[in-house]
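Notes to accompany the following structure.
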Amino acid sequence: MTAAETRTSTTATHASAPTPAVHVAGLDRVFTSKQGSVTALSGVDLDVAPGEFVSLIGPSGCGKSTLLRLIGDLDQATSGTLEVFGKRARQARLDQDYGIAFQQAGLLPWRTVAKNIELPLALHKVGKADREARVRELVELIGLGDFAGSYPDQLSGGMQQRVAIARALAERPRLLLMDEPFGALDEMTRERMQNELVRISAETGAAVVFVTHSIPEAVFLSDRVVVMSPRPGRIVDVVDVRLPGTGRDDALREDQAFFDAVAAVREALHGAPPPAARGVENR
Amino acid sequence: MTRVRSWGLGLLGLVVLGVVWEVYKAVGPDAGVKLGDRLVLPRTSDRAMPHLWDIASRLTEPALGRSGAPLWEVVGQACLFTLKIAAIGWVVGVVVGLLLALLMQRFRLAEAAVLPWVVLSQTVPLIAIAPLVRRWGSQLRIGSWAWDSQDSVAVIAAYLAFFPVAVGMLRGLKAPDATHLDLMRTYGVGWRTTLLRLRLPASVPFLLPALRLAAAAAVIGTVVAEVSIGLRGGIGRLVIEYAQAAGGDPAKPWAPILGAIVVGLVAAGFVALLGLSLKTYRRGEVGA
Amino acid sequence: MTATAEAPAPVDGVPAGTPTVPSRVLAPGRSALTVAAPIALGVVLVGLWQLLVTALDIDPYVVPAPSAILAELGDNLGSVTSGALHTGANALLGLVIGTVVAVVAAVLASVVKVLDSLAAPVVAALSVMPIVALAPVLYTLYGASVETARVLVAALAVLIPVYVNTLRGLRQTRAVHRDLMRAYAATPAQQQWAVTLPTAAPYLFTGLRIASSLAVISALVAEYFGGPIGGLGKSITSAASSSNYPLAWAYVLGAIVLGLVFYCVALLVERVATRHQPGATT
Amino acid sequence: APGASASGSGEASLTPVKLQLQWVAQAQFAGYYAALDQGYYKEQGLDVSIVEGGPDIVPQDVLSAGDVDYAISWVPKVLGSIEKGAKITNVAQIFERSGTTQISFKSKGITSPADLKGKNVGSWGYGNEWELFAGMQKAGVAVGDIKLVQQAFDMNGFLAGDIDAAQAMTYNEYAQVLESENPDTGQLYTPADLNVISWNDVGTNMLQDAIWANSEKLSSDTAYQDQTTKFIKASIKGWVYARDNAQAAADVVTNAGSQLGKSHQLWQTNEVNKLIWPSTSGGIGMISDVAWSRTVGIAKGTKNETGATIISADPPETAKNMTYVEKALTELKSEGVDVEGKGFTPVTVTLEKGGA
Amino acid sequence: MTAAETRTSTTATHASAPTPAVHVAGLDRVFTSKQGSVTALSGVDLDVAPGEFVSLIGPSGCGKSTLLRLIGDLDQATSGTLEVFGKRARQARLDQDYGIAFQQAGLLPWRTVAKNIELPLALHKVGKADREARVRELVELIGLGDFAGSYPDQLSGGMQQRVAIARALAERPRLLLMDEPFGALDEMTRERMQNELVRISAETGAAVVFVTHSIPEAVFLSDRVVVMSPRPGRIVDVVDVRLPGTGRDDALREDQAFFDAVAAVREALHGAPPPAARGVENR
């Protein structure tokens, strides 16, 4: 109980850094259709510092994807402020300030692994030599050096997802947007990918906004976990889960602090305090 | 609302086409536009491109021939005649196509052996088989019923119509998810029940476009066969006969062309209606 | 004209956790079967045909014997070949023109939605109309002593299946790919080249396969309505009109082979194009 | 089909007979339609139905197959079929003259077969081309010297100038041209605008429309022999009617379902009459030996674009048999019918635009 | 450690009941194709008692689905013994001794909810009145009384899955085979469905063979968890997870015994003992 309390800060007051990677204030998104209107997001405030890892968690339909898409300028807010590195989202998109990965790997099936990773570079007219060097670097990073010439249909789901992540990293974005990128993976691959993402994000120093359904995943990866509630989608809680001095390695998964953080998020998510102090993901 | 809009745009499209026709006719050279020594844009003489209003007014003038009826009426009669034969051909083609599809679905060997021949059958030029069918048919006589040229034309129509049905239906019959097939197996039911309860309903989204293609094919087959064997009464025969008047009466040959389009659209419309009655079985379809 | 059944559009995005098992695993020896079975059936049927004709002494104008057809084919191989080249050239040119026009039109219609609606009635009419009925007026429009009208008949026959299939393909772009291109701030042209067209390619090639043998038949039937001599269509009719049915069927055989060559080449191209796109089309 | 059959309900005694035409209903076949309309066939105890042809219908093969009892076809086309095994016999040579011409606009300066060299020359094919080839051969023009274009059902290719010299039947395509407007004058074309090469004049004319019967049945089936005489007799009466009542005969054909315009139909009737009458061979249906041997000679000696000839040897004796027509003519003469038409004078026909 | 040890029985010695619902001994399944042969299952022994709830767990491709399909006679074993209620699998299938549910709901899109549930009854010529009564009962059971006339495309994924389960239950089978039936559901729906399945299986007393990727799910639902390993697919461990006297309700999810069982399965699955005594699912 106390653990949960101390770690839960009800407002997102992390705007101390000069320009936040993401600055969201009073953001609303209402979808109107023939059937009526759905308030997907209502009054969302959030700041993500450069290099910070923030997860969005919440039940299905609470607006996680919508928020991510707004940040990526793949969708327009109904009202509110949204800045990415101090610019308008559209400008940030045109400046290629972020990389993005979706739940489905979304590789182009007619391009090889290398060509898929190369895609954003090719589109932005990066020179051939630079492109090739970067691709070589990235396929090694994701451990698919031997598969550079393979086509997506020759890869397993997990391998495809790794390629998608490499593609998102290709232009060394300062911000990574990831929408349940590991949703389709089996448990073991997922765990490996998590470790890899931790390594990559640490190496590149990019800020990450990460959408997930899994509490342990959010806790394992993040500095802060943003807990959302549906209809209308709003932020109900932001849980600080990074204890100073804890590395995000496999040992963490078995650590008491980890279980406590999971419990805290679980509590924030389900609204009521759990019967026991240790919350646990139930799948 | 959107329906009104799309109809409106469709009509507008026709108007645009008409305007393009008339404008080109007005500005284009009589001898057409050449690129090198190949004509790329058509001639614009009245003989080649009659004014649209001439085509329209020609329709209201007498067709010549016995009745003295206006051209549209004569062409309309021919449309009905062609439509009737095409309908027979369509039914026969659909039945044959369905049977073939069932056979091929049921027996893998049949599929392997028959499917290439089904494809091959469509590479045989109709003009080669139309007179043959007439000749073979004329040997048939069952009781008081004797084969006549109309039956030959219907067979030709069926020859074209069966193809999309056989191919489309085969795909449709194979369309059910593996899960659904497993399910039927767990229920311990045989091929027939699986066919009835699963494969047939699941094939509807494939069957309907196939039926529409078959309808178009049946009309095409009917007209070509009518031309080939000169069967009187239909659009195909008018194509030949009105061509003879093309020099002195240039708008006339366009009438059977319009007739052919009308027949095709009516046939396609009929299949669309059929599709409405099978709506329940198309729920799985993603917005087409 | 004829186009093979359209499938309902593939579902956007494979559901997560699809089974690890390929839905249909090829049994060993199946590919041998696909070659041997049709050939066996063909041999049986042609054998039966030959037997019936010889046993019942059937006249050639009812049905010529396969042996007679082959004999004529042997004697007139040069003429059949040149006829096939003549007709095949028209068909090929028509196929190319029809495909290019259809693809360009489909791209325009997919980008500018209004064009699609405007074209709808014309497409509907063309898709149900016997193109051959247009042949006489095309000869008048483009001249009776050149091949143009035949090429156009073939092109028109090709137009609809390729247009319809390509347009459907152009609409299959997956949402995730669209988002991706937007995230890359790709220009519309880049989006077309990188995502939209490649996604549509298998559909285009399916249309092309349907159109391939159609182009041959159409070019051939168009000869029927006039134009320079030398093609298979004219050869078939003139052989038949002088009661030389075995020869007529030798030309028909040439037409079948020509149609199959077009079909198989298109099929091959389609296979290659669809190689890496699971569950694309037909 | 209207006018196709004359069978009445109470006339079971009539023998059903089918006649296969070479093309669709038109005045080219006026005599047969007239005979049907005037009840001449019925008089002979025949219930005749007329079966129309079409582009791909080969009348002589329909006859060989036993689908019909008689067929109308051109002699050279049938000679080829006979050599290919068709067992049929010419029992009445209705047309004595050839209606085939090669027409061209005056401006092209084509007045003789020799002028065809280097030109776009139209022909329908389908066995309609042999007189042209014979004429060219006679004038020393090789098939390779011209560009041969298959002519369509219409004359637009000619009118547009794509075809320099087009094949035209005097009774049909020639009239089609004369029914068309000359865009330069706004008036219909006139014969003065055209040069006409008639194969009758060149001397390479071949025998055209004849009545053909089944050889095997003729040789074995006495009822069929008898019926043949009756059929020829009634048909000739029909042709005599068409000669003497051109307008009425034209109307009969129109009523039988022909889509041709009135003036065109009358023109065709008149021109066909000119191909028959006056008969110089001893009566309509008789073949002059000269014409026959010329036809056979051309059939053996003329090569088409593929180098083939129609036939390679003389046709069998059974290719023609005048017994039945002679018998029919004798009977008709005894009935006072003018079967030679020595005094035949064609009518004057004014063609209207579009043949209307 | 000790907890894990006591609960882990390395052989499946539950054949004490008269005829087991499922009896598998020395089962092999080898797939041969042009590319070579894959041993999907090798030497599998397993008995499931009537009324018992057994989960199969293991990494992707370890043969869980294959085993289930063999039991359901949807596939033939290469060698070994397989009996369902003492009969050959084929006979059991023809006798409709089991109901089956797949990962995808697999409803027929052209049939309403009621008609989908009715399908097996209709196929087996159950009288109309009986059919209707049974369907009414089942739609209530799955809480979709208001949706009996709806078509599958009008239902959410979770609702569809419930219909599929109702369909599997329609003929009151003594054995339920379920292949990741909740795989596609979001966390909360999934939890609800688990509770419902527990209730249903308790009410009907059917034996259940349940395939899942989720350790907590397996532990929550089962009497025993069968842990498998891939290539060749074999049973590496069978963990007894049902403590006498524990009810499977929401409280269990927070219980110490539950965490211990999860840890035991996790250990069996991953091969090595975890660094801490409490294993935890990491997604």
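When the chains are written out, they are named A, B, C, D and E in that same order, and each has its own residue count from 1.
Everything below uses one rule, namely that a contact is a pair of C-beta atoms (placed from the backbone, for glycine too) under 8 Å apart; a residue touches a chain by one contact, two chains touch by 3 or more.
Fair warning: this is a prediction, and the values are worked out from it, not measured in the lab.
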| item | value |
| --- | --- |
| Contact-graph distance - origin subunit A, target subunit D | 2 |
| Per-chain CA centroid nearest to the all-protein CA mean | C |
| Two chains joined by the most C-beta pairs in contact, as defined above | B-C |
| Intercentroid distance (Cα basis), subunit E paired with subunit A, Å | 33 |
| Gap in Å, rounded to a whole number, between the CA centres of subunit D and subunit B | 36 |
| Subunit B-subunit E separation of Cα centroids, rounded to whole Å | 52 |
| Centroid spacing, where centroids are CA-atom means, of subunit D and subunit E in whole angstrom | 86 |
| Contacts with two or more other chains, residues of subunit A listed in rising order | none |
| Overlap residues in subunit C, where contacts from two or more other chains coincide | 16-17, 19, 61-62, 136, 140, 143, 146, 224, 237, 240 |
| Junction residues of subunit D - those touching two or more other chains | 55-56, 58, 61, 65, 152-154, 156, 160 |
| Subunit C contact footprint on subunit D (complex, rising order) | 55-56, 58, 60-61, 64-65, 77, 80-81, 84-86, 120, 122, 125-127, 147-154, 156-158, 160, 162-163, 305-306, 310 |
| Residue ranges of subunit D in contact with subunit B within the complex | 1, 23-25, 52-58, 61-62, 65, 67, 152-156, 159-160, 172, 176-177, 179-181, 183, 188, 254-262, 353-356 |
| Subunit B - residues contacting subunit D, complex | 43, 45-48, 63-66, 74, 127, 130-131, 134-135, 138-139, 227-233, 237-238, 240-249, 252-253 |
| Residues on subunit C engaged by subunit B in the complex (per definition of touch) | 1-9, 11-12, 19, 23, 33-34, 37-38, 40-42, 61-63, 114, 117-122, 124-125, 127-134, 136-137, 140-143, 146, 148, 213, 216-217, 220-221, 224, 232-233, 236-237, 240, 248-249, 252, 255-256, 258-260, 263, 282 |
| Subunit B - residues contacting subunit C, complex | 5-6, 9-14, 16-17, 32, 38-39, 42-43, 47-49, 108-109, 112-117, 119-120, 122-128, 131-132, 135-136, 139, 160, 163-164, 167-169, 171-172, 178, 205-207, 209-210, 213, 215-217, 219-220, 223-224, 227, 235-236, 239, 243, 246, 250, 253-254, 256-257, 260-261, 263-265, 267-268, 284-288 |
